[in-house]
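Encoded as structure tokens, the structure appears first; notes follow it.
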């Protein structure tokens, strides 16, 4: 017990990093993902193509490399970001691409009949999208969005490459100084708890959407 | 050009690691995921509970920690695995849990009517599952399975923690010795190509399943 | 007038409609019968511009000045919005397309539902409705918008004879007010009773009486 | 004999069936009519054990020695298997449940499809079929398995009158061979013509004639 | 642009700012690491604090990924690499080093019951070290890597992992900085390990400075000399190693 108390301050310091990266990325990337999805599905070939290229590059390369690129690479074109900003930009741009694809999958899974009904009722593209399609999409994408958020909790550990200390880095440091695997086990438990909380909140939201089938 | 030639040998060595981890994990974890999904949906409360716990722990903790645990932690109970085996075990157990949940989502998305029709036709549970549900599930889970495989390509870089050198580690090492970001850009391009290949194969499979709507 | 000239349509190799000619005036109730699989649904899907046709022409003269496409459709499979209640299925398009206030839309929707025997089901979702109840919500939703022409794909297939009469009377009502009504049905009695023009779709679309 | 005693069923607060009594013998064609939303679909879903009921009893005497549940059902919404062709929709259960060889199953399925006017559509998938064509595939799929009792939920709603006759004759055929047939329909003519027992479901299930 | 700024001596800028940013891998015991309470500590950390304070400036520590240390330095994110940083030829091409302040050896550590008794025995054995470390450079420059098992060396992210692997028996030897190796051995149990008499060469620790920062380099060298002369360096060394090993 006293052992746990001893390692807790550093772990908590790491936890703070983990949580802010998670919360801000979540809050920023979901709306951005929706915008990207909308542009990706727009009529304009240019917008479509740009978004497709963007999604391809972001999903086609590791977030770790993207972090390095945003922080170190942009310096070459005169953009010097501080560590926190670089992390948020890289994470948000990365996760927005994933969310955009999830939303797109959701939009395309809505049956043709819903579009046809909207069309013959004379609903505008806009009303169809926001009134008929998106509300049904939300229900369907909740599970994959949840998965992505859980992955995000774990991906936060990549901030180590910019020298930020998250839970895992704290655990590895402590494991190093104490030559023991115990801090790693503690880190595992911390993640489990975090993810249990996220899962609980997701389930509550799912229940809310269960009013129809 | 000669510069590219200089960094290529180490990059290629890394690429070999990336590819075998990807291929073997893919081949082993998808069938295992199907088995876990089946057990998770079985009638036995014990099996259900065990699988739920397993999925919770695996998805609730980072793969990085799982790798450390399998490779270093198991030594404490006398199980000494070689690097390759440890990597495959940790990756397969991890990805199988994700695939299991994707399959379960697919199974549950099949409309009640399909189960009811099977039931009144007198089809056995087994025939319903393998003849009616799974074939429809395959079509629906293809996109999320594809996403997971693309994530796998990138996750292979975690093998660094067991002392294996993949593309990213090669790039970081070269970037360090040459004080240049170029190797990192090259690594990005390698990933893009790998993922483009995976995406192409996935699209081909999707087209195959397009015979019905 | 809604006028169809030499309309042809195939799915791949399969010719479904060939040189169909046909016209409906406002105030008409045109009823189309014909064997299963002959192309009736395909025809009215072309009319309401859900399906592209290979050749021919569909002309609509004297269009009201509105953005809304002038041909409505009640689907064979209903296509209700599952996330909206029976009432909302009707009010949502009214509010969005007709720009009605919420109150006005709800008043109109409730009256329509009641006239189709659905009082008390305003708050039900699609999965809670019986076959015939879904069908009536779909009819109410289309009627509420009052399009210039309105197609019905087997609107009484899941209804008992009393409700069929109710639907028939409603169609007469809207026809009288100037809507052009086009109905597909297998119900001969219904067809004979309510048609002002009765067609049979076989190889060709033939006028049986008017 | 299939015997229903004091069957009651509600959805939440809403009582749908209350103390229903009813029996069907093998060889009967029991036809149930009744207003939309009264509970007909719910009743036969209980018979084929898709829905749990709150109280009462459903007894089936003289069951053949088979694992298969003895009451089949053709759904109001068809529920075809979308990943199987029309032919496979029929052969798959035949091969799995009746253990027919593939050849035998295909032969039987083709005959059935032909007798329902679907020759040439063996390889079509659900999305390629018209409303009435889907309905007939669903009927063929249920008939092929030859259950002891077979329920039909509005089996002719999407069919023209000629096909209705065909279906009616088929029902007679299987009833003669010893199947107990239960049909829900809104088609009075069909009901009068083919029923050996005609019921109307209102507050109660009343026998109209037999 | 910042690129041009990189080429200028940044001393004026540092003085104006009043702070020197020291980059370190905060998992690197005993030179610079975070203890359980999250405080940075270690020999190099204390030495740096003392030295920079006597230059009249504040010190700020910045954790970095060790693989990217020179990238961080040249991007201007940190001003110094001061964290058991071995002076090697390869690194000299990218950074300037202060005069060495510690001696170090690349020692070979095996389990005490190992059959490996000298360098020659390492042939066809599995050998591990840390990635991007000076030990790796030393091994490669001796051409020893090719003689190891599979003609390769096992590279871990931290020495801790390498020692755990040694204990598990999956590698036969670990090549590490002596100072570091002694710390781990003390932590994990002295009797379990054996340090071979032969090694992969002597080395020296220095502080890494940007090539263009000649003023900073000069001032650092002066301060270090003063600290060695007046015994402040010796005191810190005593605290961490029980003896004065500063040279």
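For reference, chains read A, B, C, D and E in written order, and residue numbers begin at 1 within each chain.
The criterion applied here is as follows: contacts are C-beta pairs under 8 Å (C-beta built on N, C-alpha and C of every residue); 3 or more make two chains touch, one makes a residue touch a chain.
Which protein is which chain? UniProt says A, B = ABC transporter permease subunit; C, D = ATP-binding cassette domain-containing protein.
Worth saying up front: this structure is predicted, and the values here are computed from it rather than measured.
If you walk from chain to touching chain, how few steps can bring you from chain A to chain D?
2
Could you give the fewest steps needed to travel from chain D to chain E through chains in contact?
2
Write down the chain pair with more C-beta contact pairs when A-C is set against B-E.
Taking the two pairs in turn, the one with more contacts turns out to be A-C.
Where the centre means the average of the CA atoms, what chain is farthest from chain C?
E
Give, as an integer number of Å, the spacing between the C-alpha centres of chain D and chain C.
29
What is the distance in Å between the mean C-alpha positions of chain B and chain D?
Inter-chain centre distance comes to 45 Å.
Which integer distance in Å separates the CA centroid of chain A from that of chain B?
19
Express in whole angstrom the distance between the two chain centres, defined as the mean CA positions of chain B and chain C.
Computed from C-alpha means, the inter-chain centre distance equals 50 Å.
Provide the list of chain E residues touching at least two other chains, using ranges where the numbers run on.
68, 71, 164
Going by the touch rule set out above, which residues of chain B reach two or more other chains?
72, 181
If you look at chain C, which of its residues touch at least two other chains?
77
I'd like to see which chains touch which, written out pair by pair.
A-B, A-C, A-E, B-D, B-E, C-D
Note which residues of chain D are touching chain B in the complex, please.
These residues of chain D touch chain B: 48-50, 67-69, 71-73, 75, 77, 79-83, 92-93, 96-97, 125-127, 141-142, 145, 147.
Would you pull the chain C residues touching chain D in the complex into a rising list?
These residues of chain C touch chain D: 11, 33-37, 41, 76-77, 117, 128-133, 135-136, 153-154, 156-164, 186, 188.
Which of the residues in chain B come into contact with chain D in the complex?
113-114, 116-117, 119-124, 127, 131-132, 135-136, 139, 211-213
In the complex, go through chain A and note every residue touching chain E.
Against chain E, the touching part of chain A is residues 6-10, 12-13, 68, 72, 75-76, 78, 80, 160-165, 169-170, 172-179, 181.
Okay, in this complex, where on chain E does chain A touch?
Those residues of chain E that touch chain A are 1-3, 23, 26-29, 33-38, 62-65, 68, 71-72, 75-76, 158-160, 163-164, 184, 187-188.
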